[in-house]
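One structure follows; several queries about it will come next.
Order of writing sets the chain letters: A, B and C. Residues in each chain are counted from 1.
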């Protein structure tokens, strides 16, 4: 057949589809259109220009990483270190500006140089020592983050950057366009140009298909690879500079987990992990397919966890589609022998069966879990009955308020117990409660949720603030739009909210904890602290007050160690074991993260040391067995259910103008009258839970 | 056992020895029976995951979904125990759930020839978010009293928790070396086409190894869960990279065909001890991650140096 | 009475229109060493692949141990007792020698036990049988090439192969090893194993072979008892290859010396003391057997392997090519032997392949000039007559001949003054072949200095002004066009 083709018929123009979508990007466009269509129908205010811009703002940091990841994946490599590089760059930048007093522009330049250096390190090890990129960047993944944590001792949090700089991450050009958007667009075009419009870019594709073949054509393979890994380091530090401006703070945990998001975007965009294929258009589409999914789910009030599940499914579906379309179209390709790729019907059947089975499994366990939780829930003591009374005595008045309520981390048991009270209050008031937040502690995610709520148009936002600097700008924006803003659990800057629901000040917590410890020690001896992560802001603030109190009142008490638990019970367990052995004189161990205390208690219990007591800040339910057995002497906390309950009542009152500046009290359902001081609603002092009273609480 | 066969494990072993010596000199209490016992117990469940990861890496593949699988299996173990499933039965059910999760990976990777890093990346996200969705972060509490330590009491329970991984380690180390199935994994990882010609079906092996990996993760999750009387739903974050690091530090080649479980157990010991050792040395925990990264890179570099040295030896011998 | 182990009649096989085997017939008896000889490209490898099941013949009858084979596969032929040892050893590099050998003979369920002691002993025994001093515990990948080959022989021995195919087994063996091998072969003969013995060392054949079959142009020319045929006769039969086509060689007025090699050598490539000059407009053919160092020599010039001794002079100026890019800057082009792996990048479109070595001339201030790329790619695909519907199709969709034209276009676009062609017409159809020959003539007329490596003697004779014969990593003789014959080239290449 080929013989029949005349020379004059040689096609030099590409067909439309192949030209603009060389890598089946139209599939993603279809997915994207579907998402937009779907969410326009079921979401609130999804299809608006302001939402469109906000989505791009949130996509910029990961987008920059994904842009630089694209050429790397095209050459058949991978870079796992980019997220860690962001962390390192952020703290270097912060330290330069605040501690070394380097002028901002110069600090930015040096930061970018650090990125270049780190990227070059990756590139050099990959090309000179010929290690697989996966392993090299796995090593630097730990190394970069480790250096960042080491430099800041984990606790350093740089903030207070000048407004001109913060404008870069928080401001708007012409009032609507996020400042970082032009930078992102420039980056898109630069990388697009390099990759798809220059000789260098072309050679990367050749390298991806065949390194040897490329070398035969005179392409300097090693040099090209070194350049793209260096570029990736540079982009990571650029992303860090924008990230810092976006959140107003520089911490060593910046960009945690971003590498996987970036890789997901690139692969979803059709790049082959084996190299050779991929486009910038694809990467951008892949990025927005994920980001729009998350944003859309949020605006539709659907669980955002669906985003992860759907992303996973989409990822597998896209590569499966690719695999099948390729096998079908390249029959004449010798390299793809039939032997190599045959799938029996039984195997397809198996896959389907396995997926259905695990689906059922999950659904089944879901049901069981819920029923077990509900069983626990039904034993809510006396308060339950009174709340029912309350709901009768205070019928919902005013309009049905939509309240967005955000914890620091959705999965944290502490916040789950707050949610119970919040749900109760919302039910009584007939308000619609949106409960959403980051799945892990992540200030960037908190901003994202607030933005989504602004777009959705809620009446009130109640936030437990992870990071003051990061969230205040966006809360102010919400206030400007007429949304009532309250903070609960942890405060933002004062001018960014209307009221704070104050369950206890950091000072109060710190002092109470220290007093309890001193009581247990009898005013003399050694104790140790197991904190959350070393960079956790709240914990560090509590520790500050604990130390102050210790210095002022308890000269004979010594704090010998502060160990991290990363909010992981098992880690807390292990750290406690170490503390017990290294510091045998420690008599009290204080856990200041809810999951840490049971871990500490279990370690103390298993060590058999009966003279060591545990205290800290945790949930009664988590610690109940340990409190009863006397290992945990006492824990300090407030009634978390009441905190959630009060927050919703306060938010509702604000919306209905029943709470305003200058009020002395607020009526809050079952809690009756609650004191208001200035712009703070006071829940009361921290409560000490011990053997005698713990059974009265269920949260 | 000859030197030649385990030469790649030696650099990790030396690093481990150096670490022990340094800690031993600076803080002899490190070697107290209690501490060593705790270290072994804490790392025993993780050893199972590293064993599975070794098999996967021997094939030249990777599995980064193990952390999420671990969390799913942990929570299910708790939920099932609470709903009245007898604890011994959990030893069957939970690993089987792991096998089911691993089999999905294995099927997509073995039969459909999809790249393992992408498939398991998808599963990493999907399982984790699926679990979050279902549990909303709630811990499994109020477990039956016979759940912790399988109701055997602390000391017996600890023995069980250490014994099972060690027995499995011995079985796998032995099988990997002495059973045809073990050698088949090496052959497929070394050259899958040649393996096919030698009558070994790479697809089946790949599928089997991923399913087995899932099963081991399930078992590890169960053994870890019974050390406590509550089960957090956020378990196992970052476990995958730790497991890969342990295997690579143990001398396995990420390209497949090379590596032993002896190396892996050294890798597990090295990475599992380092945190505790730093505490004993009084070094700030902030530097732990950086030191971990340095160890991974140092293992790579020492491997290169060893290879260079070998090449020199062999060219000298040829002359 | 010895039984017939292998019987092949009229085996035919063509690749993309090129007939590699036209009519090959062969017979192997038990306890026989049957030599199969022929020039490079005579079809020996294709025939062997048909027997081992690596490829399916288009037609013909194949019987192995009395089983008529309709659908062959590597595993099937292995189960019938066929084992092959190629020049390039195919071992599991990470596994030990003992294990590599064991994987040849062991049959056992997945949960079968590995007996390392037995494996080691058996490996030792088999290695001792062939007099190889190799530790059974050594990692196969760490062994030298000849050692790996010995391991393969041991593996085949262990597998109790009834039919053993030895493809140039002695090419890289020392004399001692060769004698050992012959002893092993004789032992195997006594055990009734039939062996197909492929070798260019014709002088070995009387020592070891019983019969010899000559293959030429994919056809069996004849089978003779070794004692009835002498070396000259063998050569005569081998080279009786007909000049199936007229070569378009024209006499060109030769210009200045463009390329001069002085004592060029490369340890890595395994070539040494190469002295050669090429003039503008001259075509110098490089002849020699596989493994004589022809490709390696080209790689050293092109900067793919480092040339660590001697000198390369271009137009009288000493140059050093440490990377192909340097060579390209110096206007040297190299069309590699392995078209699919090195010559083109299969998955890239034709246009990108054509321009890959000249991206610099396409780069303007704003990046690649796509219009110009299309224009140039179209121009060259038309000029070389690449048969394709579109220049945007990937090269993998083309036939071998057209792929080669694309590879050649890439180099013509760089406007080379020295063009090295490595097996430019291997495995491509007759039409494309003569088009490439025409092109070579045209280029020579334009003053390009051409070095042509070819295993096809008629091509070498037909196209070259002078012929350099290589053997053992160096040029042993340079013949003038009029003094060269197939016979004297082959004799030189064989080392006489």
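In this text, a contact is a pair of C-beta atoms (placed from the backbone, for glycine too) under 8 Å apart; a residue touches a chain by one contact, two chains touch by 3 or more.
Computed from a predicted model, the values in this text were never measured in an experiment.
Q: Nearest chain to the global Cα centroid?
A: Measuring from the global C-alpha mean, the nearest chain centre belongs to B.
Q: Based on the averaged CA atom positions, which chain is farthest from chain C?
A: A
Q: Between chain A and chain C, tell me the centre distance in angstrom, where each centre is the average of that chain's C-alpha atoms.
A: Distance between chain centres: 58 Å.
Q: How many angstrom lie between the CA centroids of chain B and chain C, rounded to a whole number?
A: Computed value for the inter-centroid distance: 46 Å.
Q: In whole angstrom, what separates the CA-based centres of chain A and chain B?
A: Chain A and chain B have C-alpha centres separated by 26 Å.
Q: Do you know which chain B residues sit against two or more other chains?
A: 196
Q: In the complex formed with chain A, which residues of chain C make contact?
A: It comes out as residues 304, 323-325, 327-328, 334, 336, 341-348, 352, 356-357, 359-360, 362-363, 366-368, 374-375, 377-378, 381-382, 385, 387-392, 396-397, 399, 402, 410.
Q: Flag every residue of chain B that touches chain C in the complex, lowest number first.
A: 2, 4-5, 177-184, 186-187, 189-191, 194-199, 253, 256-258, 310, 314, 318
Q: Once bound in the complex, which stretches of chain B touch chain A?
A: Going through chain B, the ones touching chain A are 27, 29, 32, 34-35, 38, 42, 62, 72, 75-76, 79-80, 82-83, 97, 100-101, 103-104, 107-108, 111-115, 117-119, 121-130, 132-142, 154, 196, 224, 227-230, 232-235, 237, 241, 244-245, 248, 254-255, 275-276, 279-280, 282, 284-294, 296-297, 300-301, 304.
Q: Okay, in this complex, where on chain A does chain C touch?
A: 2-3, 5, 7, 9-14, 18, 193, 197-199, 202-203, 205-206, 209-210, 212-220, 276-277, 330, 332-333, 335
Q: Name, in rising order, each residue of chain C that touches chain B in their complex.
A: Touch list, chain C to chain B: 74-75, 78, 90-96, 99, 103-104, 106-114, 116, 137-139, 142, 144.
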